[in-house]
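Below, chain A partners chain B and then partners chain C, in two separate complexes.
Showing the complex of A and B:
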């Protein structure tokens, strides 16, 4: 017989660690239908017929966040056979608030009190027998981190599930509230099972509109609500919240003996330094410097060089070539495989090691609790331009790869703040944009360091300006949601959790190399290698590139980019084509230039083509080209992520349109003002640039009008 | 009554009223901020607070801290 067990608990209570410990590598990760909330399912180790469902971390079964709705719809509709309610023993009082709600669902519950090792260390004692009696469920002490007690918790849940006995909550509220719940319970339709009546009755009293969608018959309970609200002089939802905490406080004294009261914990002492008014930013800057220094220059560089020079230089290409020669492969196919696929995909995979090192660091910083503090520190600054401190974490991850960066925006509860974060995250130069920076710096600016610094600066300024501009539009009017965030106690994350997080993020990048980039290199190779010569379609010789299909396409779109200075006769289309392939994947830009200038393969920074490139663009146009690539819509994979996270076609196109529009305007201004100030004359496009600049400044500095109507978005 | 943002670090107070948008108020209630409950300010930077509510640490921005009355 198959058994379904759901894991439910607060965020940061160790739920994911427990899930990983119970299921090992036997997991399936997806999304809940229709929403961008992660759905994790797995088989219990050693029990093929037991499915464990990891519900999103929630504080309550109220309908205020997507996570809460997803979790409770699952519990009501799918009705798992048992629930393991994981509770953080170090702040048990708050955690029990959710427990009292879970108990009302009529599903057998095992309470797993986690972090028992920390509870004991603090000198506290939790009397699980009393807790069990006063809440009406089995209680097991566990430490998910050390793996103690988890097997016992799972076995208890299985045996409860097999017995199938219904459960009734033990906790009671004030008699007036209880009377109202009973009264509403009798009014409920036949479709609600007896054991769930309390849950539905309470939700109806709380005026929870979302629950009505789950019911066939919705009784009118306005009289009961009014009576309660008059008696308590409060709204029903707050009354019931209060009653839950009152009950918890009444039992907590019997269940928990505190070793010492109050005082500063270790976490509090660390926070004094880490969130300190003066030291917070320097400490943060130092941490980030170490992270990037190690992942880009030392360990990362070593691994990247090895992958590029040895793995994709000396090992794979010769082996593939040998194989192709051995099987007598046609020349054109050899060309496709070696010059197109191996070179293209290899160039992308070269970033993987460096990115994985960065993701290990970021996963560690998240796992140990520092990231939550970073959000808190940055909130002070980000709030000034309409973003929340929580927007900062997606941007940090986005400096590695935009796809997991955009996905990390899920943790932002407010819809407005999340959409704004999704739109601006990819302005941060990701790993794939670094070669473009290196190419432009090398070919035009003698490898000057300021080019790279300015790229990050441009990204940050773009985020700030976009925040301010978007905040003043109707769509985003209003302040960012007030900052409220739980700060988990500092702790050492498990190696398994860090590696898992690194792999999940890295994988989204590797997948893109295997799919989008693979496909685009094939298409690109075809467009470049075939064309019409003297009215005849066929494969081209290397020097006939100007007759290729790609050149024809490039010549059509090149005029659009002419005002940006990508104009040199007969060559301008190459820049246009490179920028367009950059929309597929930014890694393509350098490789495309390489192919367009007739090199089968170029180094990561494209040093072979520096000379060619310098002849077709002025330095000013080249810098504009760089900025265009930094700001325009990211690669296909990241656009896909934007589409998924926005979950709305209109918003998706708005985001992409905004990014491309901003990129075009900024690089137009750079080029036009550049030639104006270097004595290049004044023309029609200079006027356009001036007009655009004025419009931009107007949008930036126009007075901010709070919308007068009280419309809640 | 005074806003939570005025409370000195280390002091424990009883929450008297929570204002602000309904959504945020409910979120705070779920996190343990209920009228009649106790709250201790652990640390303060420019009006932004780290507080101790039911043994968990919650960071709240200045604008929200101004709406929690103790």
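Showing the complex of A and C:
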């Protein structure tokens, strides 16, 4: 017989550790359909027929966060055979709040009280036998970290699941509330089993619209609601929440004996420094520096350079080439395999080592509890432009490479903040954009330092303005960002958990992003390497890029970029082509210009072609070109990461469209106002630029009211 | 009416009533700030907001704008 057991509990209660201990390496990680919430499933060790479903960490079964909705929809609709409710013994009062809700679902529950060793160390005592009697469910003491008691908890859950008993909760609220629940219970339709009546009755009393949508028959309970609200002088949702905590307090009084009170815990001592009024920011800066320095500049860069230059430069391509020559492979197929597939795979894998190093840091910072402090310290600044305090990390990492930057957004809980961060992270100039900056600064501005500084400035301003504009749009409105966040006690994360988290994130990038990057690189390779020479279609040499299909496309789309000033001497298409090849990797822009001007190879800053470039663009247009490349859709690898993290086609295209649109508008304004103020004429496009600027300012400054209602797409 | 927002660091107060409605109120209550519970204001973040409080034996941070919804005595 196959058994399904769900694992439910608060965030930071050791649920992941328990899940890993129960399932070992036998896991499947994915996403819940259509949302960015992670879904984990695994087989219980030694029991092939027992599936463990790890639900997202939640505090309540309210309808207000994505995680809560995903979890409760699973519990109501899929109906697992049993639930293991993991409870943090050191924080039992608030943890039991979720338990009282889970027990109303009519599914057998085993309560696993975790961190019992820490409870005892603190001198406290939890009488689990009494707890079991008062709550009406099995209670097992465990330590997920040490692995004690977990087998017992799993076996209890299996035996409960096999008995298939319907269970009814035993806890009770105030008699007036109980009467209302009973009254509503009798009104419910026959489709709702006896054991679940309490859950649905309470949800109806709480005016939970999401539950109503799932019911065939929705009785009118407005009289009961009104009677309760009059009696308690509060709304029903609050009355019931209150009743739960009143009930929990009464249980705690009977089951928990506190040892020596007072005295500072280890966590308190750490926090005296880490969230200290004066030291918090310097410590934060130091931590960020270490993360950045190790994962981007030193170890990460070393590994990534090695993968890119040695593994996919000196080792694999020559070996593959030798093999292809040996088997007498056709030229075009060689090109496809070497320049298309191998280069494409290399582009994906090149980022992986750097990402893995970063993910180790992130997993550690999350696991130990520092990430919550980051949000606490930085919230004040970031929430002003619709981002989370945790958005700082993706953006900092993004200045090295946008791919791990986007992946780092996963530490942000709020769906809205996370999407906003994903959309704006790549505005920060990444390492691969530096050659473009060097090229433009060298060819047009005499290597002036302000070009590079202004590039970062433009990036930061783009993030701030985008945050403010986007949070006022319909797509982002409606979802509140209540910053009511737990600061969990510090824990040393286990090596296993850190490595597992690193691998899961890295692998999900390789898998999902890999496909889109590979495909796009192959398509672009085809467009670049084929074309018509003397009326004959065929494969081209590198210097013949001018005759490629891509060049033809460049010619067709060049008029689109004419208002941006990419027109001089009828060679505007070269800029368009360079910008398109920038999609493979931003450093390609320089190399492409080299090929277009007839150089087979150029230096990283393209110093050979400075002269040629200065002939085809004015300095103003060149600066606009630079800004366009900084803000437009990032490289394919980063787009793959965006697709992976958005987990939704509509949001992916919205993000890419927004980035390209913003890039176009900004560089249009730069060019048009640039020529206007340097004595150029006032034309149709100047008018367009003025209109766009006014529209932009309107979007930025229009009045806006923070919404308090939630819309979950 | 005194709200949690006005309470100085280091003081312990009792929650008298919660104002407002909807998700933010529910979230605050879900996290254990309900009528009659005692709340210790532990510290203010380096930039002046949010605040950190101890409630029901654990550490919780919330913004001053939200703390204003919590009437205390």
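Just so we're on the same page, the second predicted complex is superposed on the first by the 456 of 713 C-alpha atoms of A that agree within 3 Å, B and C clash if a C-alpha of one lies under 4 Å from a C-alpha of the other, contacts with A are read in each partner's own complex, and residues count from 1 in each chain.
Following the convention adopted for this analysis, a residue touches a chain if its C-beta (ideal position, glycine included) is under 8 Å from a C-beta of that chain, and two chains touch if they have at least 3 such contacts.
Everything numeric here is computed off the predicted structure, so don't read it as measured data.
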Task: Which superposed partner A:94 touches (first chain B, second chain C, both, neither) - done: both
Open item on the list: Per the contact definition in the header, classify A:241: touching chain B only (first), chain C only (second), both, or neither.
Closed with: both
TODO: Using the touch definition from the top, say if A:277 reaches chain B (first), chain C (second), both or neither.
DONE: both
Open item on the list: Applying the document's definition of touch, where does A:381 land relative to chain B and chain C: first, second, both, or neither?
Closed with: second
- [ ] Determine, under the contact definition given at the top, whether A:64 touches first (chain B), second (chain C), both, or neither.
- [x] both
- [ ] In the overlay, answer first, second, both or neither for which of chain B and chain C A:487 touches.
- [x] both
TODO: Classify the contacts of A:413 with the two partner chains as first (chain B alone), second (chain C alone), both, or neither.
DONE: first
Task: Residues on chain A lying within both footprints (that of chain B and that of chain C) - done: 59-60, 62, 64, 90-91, 93-94, 97, 237-238, 241-242, 245, 267, 271, 275-277, 280, 372, 376, 379-380, 383, 482-489
Open item on the list: For a test of understanding, state which residues of chain A touch chain B in their complex under the given definition.
Closed with: 59-60, 62, 64-65, 88, 90-94, 97, 234, 237-238, 241-242, 245, 262, 264, 267-268, 271-272, 275-277, 280, 372-373, 375-376, 379-380, 383, 413, 479, 481-489, 712
Open item on the list: Residue numbers of chain C touching chain A in their complex, please.
Closed with: 18, 20-32, 34-35, 37, 43-50, 52, 56-63, 66
Open item on the list: Touching residues of chain A toward chain C in the complex: what are they?
Closed with: 59-60, 62, 64, 90-91, 93-94, 97, 235, 237-238, 241-242, 245-246, 267, 271, 275-278, 280-281, 372, 376-377, 379-381, 383, 480, 482-489, 708-710
- [ ] Please give the residue numbers of chain B that touch chain A in the complex, ascending.
- [x] 12, 20-21, 23-24, 26-32, 34-37, 40, 42-43, 45-46, 48, 50, 53-61, 63-64, 67
